[in-house]
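After this come two complexes, each holding subunit A, first together with subunit B and then together with subunit C.
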Partner chain A sequence: MAAEKKKRRRSEDDDDDAALPFKNRLKPDSVILQILQSFSSSSSAASTSKTLTLSDLSLSTTCREVADLSLTSVQSTIESLVLKIAKSILSGNGFSFDVPSRTSTNQLYVPELDRIVLKDKNTLRPFANVSSVRKSTITARILQLIHQLCMKNIHVTKRDLFYTDVKLFQDQSQSDAVLDDVSCMLGCTRSSLNVIAAEKGVVVGRLIFSDNGDMIDCTKMGMGGKAIPPNIDRVGDMQSDAMFILLVEKDAAYIRLAEDRFYNRFPCIIVTAKGQPDVATRLFLRKMKVELKLPVLALVDSDPYGLKILSVYGCGSKNMSYDSANLTTPDIKWLGVRPSDLDKYKIPEQCRLPMTEQDIKTGKDLLEEDFVKKNPGWVEELTLMVKTKQKAEIQALSTFGFQYLSEVYLPLKLQQKDWL
Partner chain B sequence: MEIGGSKESPEKPKKGKSKTPRKPPKDSVLKQKSPAEFFAENKNIAGFDNPGKCLYTTVRELVENSLDSAESISELPVVEITIEEIEKSKFNSMIGLVNRERVDEELYDDYESTKARVKRLAKEAKNQEVQAKNAAHGKKTKEHTPTKVLKGRGETSFYRVTCKDNGRGMPHDDIPNMFGRVLSGTKYGLKQTRGKFGLGAKMALIWSKMSTGLPIEISSSMKGQNYISFCRLDIDIHRNMPHIHLHEKQQNKERWHGAEIQVIIEGNWTTYRSKILHYMRQMAVITPYAQFIFKFISDTSDKNMTIKFARRTDVMPPVPIETKHHPSSVDLLLIKRLRAETSKQNLLQFLQHEFVNIGKSHAERLIGEMGPDFSPKMDVKSLTDQQIVRIHQLFRQAKFDDPSGECLSPAGEYNLRLGIIKELHPELVATHSGSAQVFEGHPFIVEAGVSLGGKDVKLGLNIFRFANRIPLLFEQGADVVTRTAIKRINWSSYKINQSQDKIGIFVSIVSTKIPFKGTGKEYIGDDINEIASAVKSAIQQCCIQLKTKIVKKIQAREQQERKRNLSKYIPNATGAVYDVLKEMAQSHVSKKKRFEGEDAELLSKVSARLITKDTLSEKLAQHVEQVDYEMALEYATQSGVSEEPRENIFIQALEMNHQFMDFTNPIFVFRLIS
Partner chain C sequence: MAAEKKKRRRSEDDDDDAALPFKNRLKPDSVILQILQSFSSSSSAASTSKTLTLSDLSLSTTCREVADLSLTSVQSTIESLVLKIAKSILSGNGFSFDVPSRTSTNQLYVPELDRIVLKDKNTLRPFANVSSVRKSTITARILQLIHQLCMKNIHVTKRDLFYTDVKLFQDQSQSDAVLDDVSCMLGCTRSSLNVIAAEKGVVVGRLIFSDNGDMIDCTKMGMGGKAIPPNIDRVGDMQSDAMFILLVEKDAAYIRLAEDRFYNRFPCIIVTAKGQPDVATRLFLRKMKVELKLPVLALVDSDPYGLKILSVYGCGSKNMSYDSANLTTPDIKWLGVRPSDLDKYKIPEQCRLPMTEQDIKTGKDLLEEDFVKKNPGWVEELTLMVKTKQKAEIQALSTFGFQYLSEVYLPLKLQQKDWL
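Entry: the complex of A and B
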């Protein structure tokens, strides 16, 4: 049925233009593929150059970075810490933890690396203080639980961890925050603590990889795609004939592209974390980028949060800046939906939303951020957004038909190399 | 107005029908309406919407008149208000109507058909069953009020409202006109007053005439008069004239001065009881220098009540002064009226003396600006209409100094504070009095008080609004104070929890013209930026004062609870540490992992159970104790023995001469009332 309809549509000329604007500007797929091919190869050539690390730079402020540690070394680090505490208690001095501060004042954007790193400020967390007694107790408890995991060599989720002592933790956000503190304090990545987050991200398209030894072909995962494994060390042997990776903010747009098998028309890998990206998705994206050397194009909403999500993939979040080396994917291109697209693609007024005061404030704050400033194109787009005070979701394109996104908008964007 | 309008229309054709049936509406005769008639038909304008509200408004108008009257002679007000319920049979005998039993039951609205009764009984039985069940399960449920039987109009009660004060009283000859003529009053003029339109007492009279047909009774005496004027009158609504039944002078033995007004009206005590009591309570808050005695008397004795709101201070705000108009607040009509009334001859003097903030040189400059056909010496009365328009335009455009707030009489921070403390007994209270500001040429002053805790205060925001020192009870939602308190104050930044704390917010606005919204003079709109920002800043000032007190309190509480809060976590912390130690000790013993030196020593002590969880807990507890002691010492040295400044208390003067019994001592005397 659908195919028939499509054919009939193509035969009509004038009506078609009205229904799907700009469709007539599309060149045949082969031409677009050629454009993509050249883009893909040029970017893979660029990314072969060695990526910089913190140690390569001589920064005036010392910065903290964590590394993947083996289970035994995590265990012995915890043990020496606990011994120190026990001695301190026995000598009658109580105890306190020296925790790296993860506040925004202790963050630094390094333009050379294009990501946020953590400076070396520490805060003391003494037990005998009303304001920190809770946190230091929770820290001790989390250390003990991680120690158990190390000894038994098993993985648990953050939720599991929370439920081991609900009465003390009260709220999962508290145990989660302390977990990040602990990995920062021990100087290891969160994955090395054997604590994982629940699966959130999904991937579909021209990608084959092994998950815990099983080979997965992401073109044969049905419509929903493959859930991104929570611990990246299970993932290996990545192969792909894709030309680019398409990062999608929203689940709805992802489903549209997956169902339309967009990756078969233009060979690509489609990834989404359904909103704010979790650690697993960010690790996975980085791994794909590094191993497959593919360019990454992002499709996010045209609002400040879309850009914020983009920045988390690109430069890391402040919360996890201690591990930004492993979590960030450099050089993500902003494909759409960009504020300038609203007029360019004549998105009708009723599909645009007025920005709230909070939106405008977030937008203005973003304009002050270094990772936005470094890209003049982004500054221009964001300034336009704040000026017009209008935002739109990816779904606004559905006003021209549900498949407008996959049939016209994205191909045209790719053909025009319209990314920033 | 709309309600009145729609009410009017069905009445007219009725009249038409009875006289000349089916006349086309165009031929209707041009009729004139007296002011009294207008207000009788549109009584909701003055707050007489339904019997319940009528009772409330009557009480309110009488009380406010009494206060104004006492304050005008700088007498500390004593107001006695009595509401006496009169049953229908008693009322009928009062007006000489024979009680009639119902003969044809089905004629009445509350007649219950057999079908309805079966339904009701079934419902009641079910309710009882549910209640019994709940009681058996020990559940607490709200008492089911027995299904209300429809109350017909015939069953609304009648009330005798009496209000007695110690005010100025009224001149004997003026009494009929003061009560029997709508829109005649002593409070016209530009001045901060409680009442404004000369409506209050007259509306009560109109309502009594509409509902009971009984006249109003007034006793009054002025200071130094040796007689009491007594007057019984009602109002001729069509002619807006008093209709005097009795007007005589009586003996004044007690040398009483003041007024006592008694009116019998239809009302509804059950539904408006709480409103009336709230009103009295809030009035007591804003006028702590007055004494109110409120009585409710009915035949069923358990409903009776007497509440005395005692005087707490004898400091009274000054009497508001009548002021002249500010040039930017006048309109054409007002200029014409002022011109007609003025005693000044020429334009210069007229400008200089009939308006505030225009000095001589300023007036000359203004006249120069008006144009060549104006001169300082020209006769005011000779001004043409066009010339007056020119003056008005100039007044609108020119810049004038803001009127001063001197003519206003705010309650005063002291009184507001006292009132709050007296009626709510809060834990903390802060008050602030703003400086005078201006809206459309009228000065206004905003005073605010914020209290925390107290009795009879519900959780969350409790808002008390006052305009020209009268409480506003209705239409709270749209009011500028409510909106500001809910939306524009960030309570949490002052360490106040908007939903968990008992917060009392008192805002009193006084002005020569309060910009009321709506017909009922019940709220001030949120759209006036000057007032909204003044209210906001006044409330914020109070919150800032409170914040320091709250922070101190929190600190003190932390001091007390620190040890407990710290000790609470000892088992958790030591448990976690000990668990890891135990595991380590095991692997040390089983030689899976080697530890050396001090560490090995410690671990072997753990495996030998020389160090247990309890040892760790004990040591940690010792540490906590020590830290607590140090911090308590530090806190004590820091805060010292500073105490809040003490406040004066007001001891009421004894009213009558008493016999005293003295116990004398070189330093003091005990005087006991014998």
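Entry: the complex of A and C
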């Protein structure tokens, strides 16, 4: 044991750590913690000041949003709708569903809210019409199935829903699309319908919460962390002494930080969806941000997809814009890895990758997006990326040693408040 | 509250549950639990009787296997190897690495062990040779990096390893391949080298274990479950009162069983890798089987890939056959969904899918594999699948109601001991 300790010390000396870029600029942790403390409390103050909602804005076009509804409300809303339809049939008028349009021409980016919302165009879906009879039948069936879920109080996946009536739905894209229509019609979120997506995110660090009645302490989840629950409505009682939330794109970086218990050195909550953000992780992140009033710092690859992922967490995907209020986490800071970091941190040429034609196109398209344009720092970084035609993964930092990420890069970023 | 309860009861009556296929054949849970109890103890007795290892067999060809080594052993093995090389250089002979061959001609399926192992062919990798100088340099560099990991006692991913010397490795497939070579050379598992794969599996149910020093109770992990740790060497202290392990292919089925807390009705541990089995989940499953001596029942889709996934858990992938002893879980039973279940459980035609040409080819190829051939029941099922040209997902059972899987299908399967 003593021999092993000695060996380890020797190996640290051998490392010649002073040669690591910027290692010598790091101040003591106590100084960095003070910086974080003031950042965290200013962010919390900003959160407690009233959050803008759609109704606070006098928009020329009326916009539509959905809300989390209780199971009982969803159930009674469906029952009222069905009663209305029955009356319409009995009075000899047949029936139609009045469905909010979810096409891109009916979407709007609202800068004050920093997210995409749905405008108020509706489409009639009459039953007695050759072109819409199938879709209105599917709509009725989905309403019935959702009603059943409400009464049983269980959760199912979209795939389960599809299999309950393959003959009618034919393929899953049809039941999925109508499910989103039904969310909009009832004015509630998809999670209120008890239809959930498979989870793939994990969380570790300074967070305690309840999952379906069980209290979970995320500082005691070892290296694997806690799987983020698929059903946000059974998540609650969040408590934390963290100073910020660290949102990580990839699991390799997550594993490094979890093993090093980074959250013990700098109190934080570390969360990742392992790539593309899924609905469960997006809902979980938002809930943490809203309940704990913590700032969110993002660590993504330095490529157009890293920024795109950040944008999905931040202002939502176009497909689910009707639910942007619940799915998005406003004011996420871009911590790294940013295009300017490549030179600043002297990432060697061979650890950078040339951008493909497609990468460059995606980068240029992003420069036209409202959520990028409103942040001059992001525009500058993205312009640099497209100009240099170079990208890099978070893992490129391993070139300076496996623990460079947790021991130098992140602490220095925090110390310098180097986020945008 | 009372009103809601009443509503729920009424809804159950409405369901006309008796019409569900086979619901009326279910015996009381106490009867099924007795059946499971005797299955579980016979399986445990079988496990405690000595497990066959390679050295117990007198095989005409000598085979090679790796073992879990402690970090200190890995370190000293590397040091001895390097000393030998230094001596060889000093005596004017230059140096070569002696690398076990991992090609398919050097692989062997051993029926007694029910897994693929590596034969004893070696290849010399001399430094002073144009065709192997690059590979032997990479080998030396990987040995040095692993030695560093041993001294620091940290875990990294294959991607991290690649980025420490992109200039030399050029692309990740090169460092990955040499990493497997190094495992074989040192005679140890890849996890002994502290190089880990990103985890994607989750576990829930009657299991308590320690992850990096934290005790985890998997009955208190809500619906999300516990993420399976990437580093098996920090997993320990497994305790369980389960009667079996239920291995589930997909997360939709996992979510259903976790929400219904199936493990409370029939004491079990539920585990899934959400599709293709990853190394972390395979190691975790094996560790559970070995330490808890529980039978493993598999619930996979009724298609060739379901059986292929089962086979990877059961007898390993060809690429990592040198480590098959640690990565495989012997004697996994095929519970369902089996091709014969489609008619038996009256799965409607529209919930079955036609097999593609590729599916049929994969099915026929599987029929030629040793691990299928040695189980006559599997051959029969697979032959039926290829003949009917029909496949079905686990979720197809939702056609009888969302909870048919947990309330009828699985209990009846257990009651009838209907596994192969």
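In the analysis below, the second predicted complex is superposed on the first by the 340 of 420 C-alpha atoms of A that agree within 3 Å, B and C clash if a C-alpha of one lies under 4 Å from a C-alpha of the other, contacts with A are read in each partner's own complex, and residues count from 1 in each chain.
Just so we're on the same page, contacts are C-beta pairs under 8 Å (C-beta built on N, C-alpha and C of every residue); 3 or more make two chains touch, one makes a residue touch a chain.
Just so we're clear, the structure is a prediction, and the values are computed from it rather than from any experiment.
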item	value
Dominant contact partner of subunit A by residue count, subunit C or subunit B	C
First (subunit B), second (subunit C), both or neither touched by A:Pro229	second
Touched partner set for A:Thr399, first subunit B, second subunit C, both or neither	second
Subunit B versus subunit C as contact partner of A:Phe127, first or second or both or neither	first
Touched partner set for A:Met151, first subunit B, second subunit C, both or neither	both
Touched partner set for A:Leu83, first subunit B, second subunit C, both or neither	first
Common interface residues of subunit A - those touching subunit B in one complex and subunit C in the other	148, 151, 165
Subunit A-facing residues of subunit C, complex	4, 7-8, 11, 72, 148-149, 151-157, 159-167, 196, 198-200, 202, 210-216, 220-231, 234, 251-252, 255-256, 259-260, 274, 348, 350-351, 393, 395-399, 401-403
Complex contact set, residues of subunit A against subunit B	78-79, 82-83, 85-87, 89-90, 92-95, 127-130, 133-134, 136-137, 140-141, 143-144, 147-148, 151, 165, 168
In the complex, subunit B residues that touch subunit A	558, 562, 565-566, 569, 572-574, 576-577, 579-581, 583-584, 598-599, 602, 611, 615-616, 619-620, 622-624, 626-628
